[in-house]
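Structures are listed in the sections that come next.
Look at the two complexes coming up: chain A is in both, with chain B in one and chain C in the other.
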Partner chain A sequence: MEVKITEQDKTLVAQLAGRLDTAVSQEVSAQLQPLVDNADRTLILDCKDLEYISSSGLRIFLTIRKAAAAKGGKVIVKDISTEIRQVFMMTGFLNLFEVVSSAE
Partner chain B sequence: MNNLDPHCQAILEEYRQAKPACDDAAVKVKATLEKVFKKSGLIVAAIESRVKTEESLAGKLELKGSKYASLADITDIVGVRVITFYIDDVDKVASAVERLFKVDWENSVDKRKIHEIDSFGYMSLHYICSMDGFPYRFEIQMRTVLQHAWANMNHDTGYKSGVEIPLEYRRSLSRLSGLLELADEQFSEIRADLADYRRRIQALVASGNLSEVPLDGDSFRSFLNTRPFDPLNRRIASMNQAEIQEVSLMGYLEVFKMLQCKTLGDIAKIIKDNSEGAFQLACYQIGLTDLDIISSSLGPQDLCIAYIVKVGGGKAGLKMLLDIINGVSDTNVMMAEILFEQTSNLPFMNQ
Partner chain C sequence: MAKKSFFKKHSEALKRATLQGLMIVVVSVVTLEATSLLQYYFSSRSITEEANRRAEGHLKATELQILSVTDQVETAVRNTLWSVQHQTGKPDSLAAITSRMVSQNNVIYGSAVALIDKDIAPYSFRNGEEVSLSTLATQEYDYRSQEWFCKPLELGGGYWSEPYYDEGGGGVIMTTYSVPVMVKGKPVAVFTADVSLDWLTELVGKVKVYPNTYNFMISRSGRIMVSPAETLVMRHSIQEVAQKSDGSEVFAGVGEAMLSGQAGDTQLKYKGKMLRVFFDTISRTGWSMSIIIPEDEIYGESKRVGFVVLLLQILGVALLIVILYSTVKNQRALKLASDSKTRIEGELQAASDIQSSMLPKTFPPFPSRDDIDMAAAIVPAKEVGGDLYDFYIRDEKLFYCIGDVSGKGVPASLFMAVTRSLFRSVSNHEHSPAKIVTTMNDSLSESNDASMFVTFFCGVLDMKTGHMVYCNAGHNAPIALTDRIGELPVDSNIPLGIMPGFAFTEQEADIRYDDAIFLYTDGVTEAENIHHELFGEERMIKVLHTRRSASEQMACVADAVREFRGEAAQSDDITVLFIHYLGKDESGDNVLRINFDNDISQIPRLEGFIEEVREATGIDAGLAMSLNLALEEAVTNVMMYAYPEGSSGSVNLKAILREECVEFVLWDKGIPFDPTAAPEADTTLGVEERAIGGLGIHLVRNIMDSISYENKNGMNILTMIKNIK
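On to the complex of A and B.
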C-alpha cells in the first residue's frame, strides 16, 4: 500500500495505491495524518490506483471527513473503481462523500 | 475646530485623554452583549460599536458646546447599536441591556413610542447606560433590520433632521416607515405562527397520527427524532456486528418527496412494507463480507431501493434516487443497473 501526499495550491491530494486493508490501516492512518491536521482545506483522496478497501479503510476516510466537517474543510473522493464504489454504496458511505470522476 | 471657545477646547482635550478608555469600553460593551446573546440563543443581525471621532465631537461642540459642562455630559461618546431581525427581539435585547448595565432612564428614549398614533418615522430604542470601571455614559441603540434600513436611507437624504426635508418627500419617507412597520409586525407574526405549527406537528408525530402530518422540513425532522429507521439499521448491522455511524438523514426528505410521499404516514407505510426487502438487499450485499461499519443512511437507502424496484420504478427510478443521494453523475447509471440486477432476484420480489 502506497500513500503519496502532494500540495496543489492550497489543496492536499493523497494518492492511494494498493490494498487498504486491516493489516496496513494503522500505517496508512499515520501517513494520512497531514490531511487531518489540515482539514480546514480541500482534501482529495485520489483512489485511481486503490484496489481494495476494508472497514478499517472506511474508518480512516470517515476520520478525515469528520475532521473536515469540524474545521470547515471539504473531502473529495476521486476516481474510485466500480468495486470500491459498491463497497461505499452497500455500507451507506457513498452519500457521505463528494465522489468525483476525472472522466466526467 | 479653531472656532471652539476655551470651554469646548477643554472638553475636546478631555476627550483626547479619555479616548483609549472609550475604545476599550466600546469593545467591552459589544463583547458583553455578544456573549449574553450567544448564551441565551438570541440571534441578532449585527452588533456595531464606535467611539465618536474627534471631528464629529468638535462639530457637536461647535453647535451646542455650552450645553455641556464636561465630557461626562455627552452621552454618545461611545455608541453601540444592536440590529435585530424581529421586532419582538428589540425588547429582548432591551431586557438584556437593563440587566447588564445601569440605564439612565431620564435620558433614554423609546423613539418607537414618540410618534403620534397617525404618524410614522424613525423607530429605535435608545438607552443611555453606564457601567462599573468606566466614568462616562454610553448609548445603546436597538432596532430591527428594517428600522435600520429606513434610518440609514432617511439619513442618506442629506438632511440633518426630518423637518428640513421637503414636505412631499417627507410624506413618502413617512409612508415607507409605516410600510416597514407593518412588515416588521408580519415577520414577527410569521415566526410565531411557524413556532405554533412546529409544536402542533411535534404533538401529532408524538401521538403517532402520522397520516395527518404533511411532509415538509419541520415534520420530517420531528419524524427523524423518533428514529424510524433504527430497527432496520440495527437488523442490518447485527449481521456483521457492525458499528452504525450516525449521519444526518435530512437529505432523504427530497427522496421521499420524489417517491410521492405526501404525509409522514406514507413514509411509515414504505418502512412497514419494505423493511424486509431492504434487509434482504443488505444481506445480499454485505452478509458475506467482513464489513463491520455502516452509515445510518444505509437503512433508508436500501428501503428506497427495495420500494422503487418493487413498485416497478426500474433502473430509471434507481438512477433518480442515486442522483439525489449521491449527486448527479454518469456512474449512477451503472450503479442503478447493478442495484436493479441485485434487487430484482431477491425473495421479497416474489412475495
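On to the complex of A and C.
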C-alpha cells in the first residue's frame, strides 16, 4: 500500500495504490492525516491504483469526509474500480462522496 | 541456604528443649532440697527436744532412785537416833544399836556411834553374811578429825560425806551419813551409817538414754564417783579430767556447772566428736550426775534417714534427667523422622511434578485444529502414583494412550515415565497400535526386575477419516460416546511388562463427527466414599450422558468423583482423557483451511486463501474480492473482540467447497462473541450521522448469502455461506 500526497492549487491530492486492508489501515490513516488537517480545502482521493479496500479503509475515508463537512471543505473520490464501487454501494458511501471518474 | 536455616532452626529448637529440661531439673532439685532442709530443721529440732526430754527423764529417774536409797538410810538413822540418845552412856548398848542398824538395813554397810567426850566409837559393819563389831577409836584413825565427825557437828544436822574408798571395809566406795546426837541440847556423839556405793555404779551406769551414752557422777567436790572409765573413779576429780582432756575448758565449764548444783545441758567437743552433756544435782548428797551423749547418737538416726533421703533424691534427680534426656532425644528423633518424612514427601511431590510435566498439559492442545477437542488430567493422590496419558498428532493421525502402573510411589512413577517415553519413541515410527504395544511390552518386560506392570490402552485416530485403530493391554475399556454411550469393545490382552513376546491384538472402529472417546483409569470407578462404596462405571457414564466440551466433560467427571468421595481420602490417581472428534465433514466436499494468530498483520494472508478458493471454484475476481472483504471483516472481528488485546489465540477458517456454494466456517476459542447480534448499520444516513464503526459486519451480511453464529464445544463458530451458482 502506497500513499502519495501532492498539492495542486490549494487542492490536496492523495494517490492511493495497492490494498487498503485492516493490516495497513492504521499506517494509512496516519499518512492521510494532512487531509484531515486541511479539510477546509478540496481533497482528492485518487483511487486509480487502489485494488482493495476494507471497512477499516472506508473508515479513514469517512473520517476525512466528516472533517471536510465540519470545516467546509470538499472530498472527491476519483477513479474507483468496479469492485470498490460495489463496496461503496453496499455501504452507502456513494451517497456520501463525490465520486468522479477521470474518463468523464 | 534452606538447608542451613533448617538446621539452625532445628538446633535452636533442640537448645530450647534442653534448656527447658535443665530448668525442670534445677527447679526440682531446689524444691526437693528446700523441702528436705525444712524437714531436716524441724525434725532435728524435735530430735533435740526428744533427746532433752529423754536425758532429763533419766536424770530425774536416777535421782529419785538415789534419793530412795538415801531416804531409806536417813530414815533408818533418824529412827534409831532416839535409842542412841538414851544409850550414850552405855558403850555395849551402842554397839548393839550399830549392829542392829546394819543387820536390819540392807543398804547400810556399816554404822558407828562416836562419842565426843570419850574415846568410844563402836562400829558395826557387814562382813559377808555376818555383822562384825569394831571400834573407830584407834590411835591411827583419830575419828574426831574425820569429816563425817566434824561436819554434822559443825552444821548441827545430817551430813552426807564425800564418797571415799574404804580400804578396810572390803575396798568399796562408800559414803557416810552422819548426824549429831544431841542430849539436852548438847551434842554428845555422832551417829553414822555407811552406805556402799557399788549399787550406785550399777544404777547410774545402766542409764542408757542412747546406746552409747556415758554417765558420770561426781561428788560435791568434783570427785568422780561413777564413770565409764573405771580407772578414774575415786582417784580423780572432774577438774583433773578437765585439765587432761582436749576440750579442757569445756570440761571445766561443765564441771563447774555441775558443781554449782545446777541442772542443765551443754555441748562440748571431745576427741573431735560433739557431745551433749545433760546434768543435774541430787539434793541432800550434793552429788551431781551427768549424761554425756555423742551427737552422733542423737542425730545419727535422723542423719541416716537424711542420708537415705538424699540418696533417694539424687536417684530421683538422676531418673528425672534420664527421662528428660530421653524425651528430648525422642522429640529430636521424632522431629528428624518427621523431617525426613517431609523430605521424602517433597521428593515424591517433585517426582510427581516431573511425571506430570512430561505429559501434555496445555489445553486445548491443538488450538488451530477444529477437528478435535481434547482434555486430559491426572488428579494425583497423596502418594505419587503411576498413571499416565499422552497424545500427539503425526501425519494427521492422533496417537493417544492411557495407562496405570501397578503399585504406587517412586518405583511406579519411574515405571510410568519409562512407559511414556517408550510410547513416544515407538509410536514415532509405527502406526499400528498392536505393534507399538508389542514393542513396548517386550522392552518393558526385558528390564522389569521389580515385576511391575502397566495396564495400557493405545489408539491411533485418523483425523481425516475418523478411522480408529486401537490396542488394549489390560486397561479399562474406554467409553465410546457415539449415537449411544458404552464401552469400546476390547480384546483381552495382558498388561505390559509381564510376558515378553506376547502378541497383542488390535481392533478397529470408525467414529464420526461429534463422537467422543472417554479414557480413564480405575481411580475414577474405584473412588471410594466413606461407606466404602465405589463410584463405579454406572455413575461415570451418567455424567458423560450430557454432551459438553472436552474440558467441561472432564471437570464434570472430576467434580462428580470428588462429590461422591466426600470426606474419604483419595486413594489412587484419577486420570481421564477425553477425545471429542469434530473432523471428517460428512459432506465429503473439498475443504480449504487457513489459520491465523491473533494478529491483524496476518490479514493479507487471506488474499492467498481466497485465491485458492477462486481457483478451486472458478469464481470471478470481483466475487473473490467481495469474499476477501467479508472474510477480512469477520476475521478482524474475532481478533478485535474474542481475544483481549495482547493475548495470543488462534483464528481458524475453513472453506467447504460445494457444488453450488462455498461454506466458510470461522472458529476460535476466545471469549464468546456473536457478531450477528450487532445492530444493522444504517447506510442511508448523512455524513454527520454516520457512525465510524459497524461497517464490517454490514459488509459480511451484504456479501454473504447466509450467516450464522453458534458457541459450541468452547468455540465461537461463525458459518458464512456464499452461493456461487
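Just so it is clear, the second predicted complex is superposed on the first by the 104 of 104 C-alpha atoms of A that agree within 3 Å, B and C clash if a C-alpha of one lies under 4 Å from a C-alpha of the other, contacts with A are read in each partner's own complex, and residues count from 1 in each chain.
Just so it is clear, contacts are C-beta pairs under 8 Å (C-beta built on N, C-alpha and C of every residue); 3 or more make two chains touch, one makes a residue touch a chain.
For clarity, every value in this text was computed on a predicted model and none was experimentally measured.
*Asks:* Check chain A with both chain B and chain C modelled on it and let me know: fit or clash.
*Replies:* Pair status: clash.
*Asks:* Considering only the touch criterion stated at the top, classify A:4 as touching first (chain B), second (chain C), both, or neither.
*Replies:* Neither: A:4 stays clear of chain B and chain C.
*Asks:* Does chain B (first) or chain C (second) touch A:90, or do both, or does neither?
*Replies:* Both: A:90 reaches chain B and chain C.
*Asks:* In the superposed arrangement, which partner chain does A:63 touch: chain B (first), chain C (second), both, or neither?
*Replies:* Only chain C is touched by A:63; chain B is not.
*Asks:* Is A:23 contacted by the first partner chain B, the second partner chain C, both or neither?
*Replies:* In the superposition, A:23 touches chain C alone.
*Asks:* Touching A:82, do we find chain B (first), chain C (second), both, or neither?
*Replies:* A:82 contacts both chain B and chain C.
*Asks:* After lining up the shared chain so the two structures overlap, which partner does A:48 touch, if you call chain B first and chain C second: first, second, both or neither?
*Replies:* Neither partner.
*Asks:* Under the stated touch criterion, which partner chain does A:71 make contact with: chain B (first), chain C (second), both, or neither?
*Replies:* Neither partner.
*Asks:* Check each of 20-28, 74-82, 182-190 or 236-244 in chain B against chain C and return the one that clashes.
*Replies:* Clashes with chain C appear only in stretch 236-244.
*Asks:* State which residues of chain A lie in both footprints, the one left by chain B and the one left by chain C.
*Replies:* In chain A, positions 54-55, 58-59, 62, 82, 86-87, 90-92, 95-96 sit in both the chain B and chain C interfaces.
*Asks:* Quick check: in the complex, which residue numbers of chain C touch chain A?
*Replies:* Those residues of chain C that touch chain A are 600-604, 607, 621-622, 625-626, 628-629, 632-633, 636, 681, 683-688, 690, 692-693, 695-696, 698-699, 702-703.
*Asks:* So in the complex, which bits of chain A are touching chain B?
*Replies:* The touching residues are 54-55, 58-59, 62, 82, 85-87, 89-96, 98-101, 103-104.
*Asks:* What residues on chain A touch chain C, complex-wise?
*Replies:* The touching residues are 19, 21-23, 52-56, 58-59, 62-63, 65-66, 69, 82-83, 86-87, 90-92, 95-96.
*Asks:* What part of chain B is in contact with chain A in the complex they form?
*Replies:* Answer in residue numbers: 242, 245, 247, 251, 282, 285-286, 289-299, 301, 325-327, 329-331, 334-335, 338-339.
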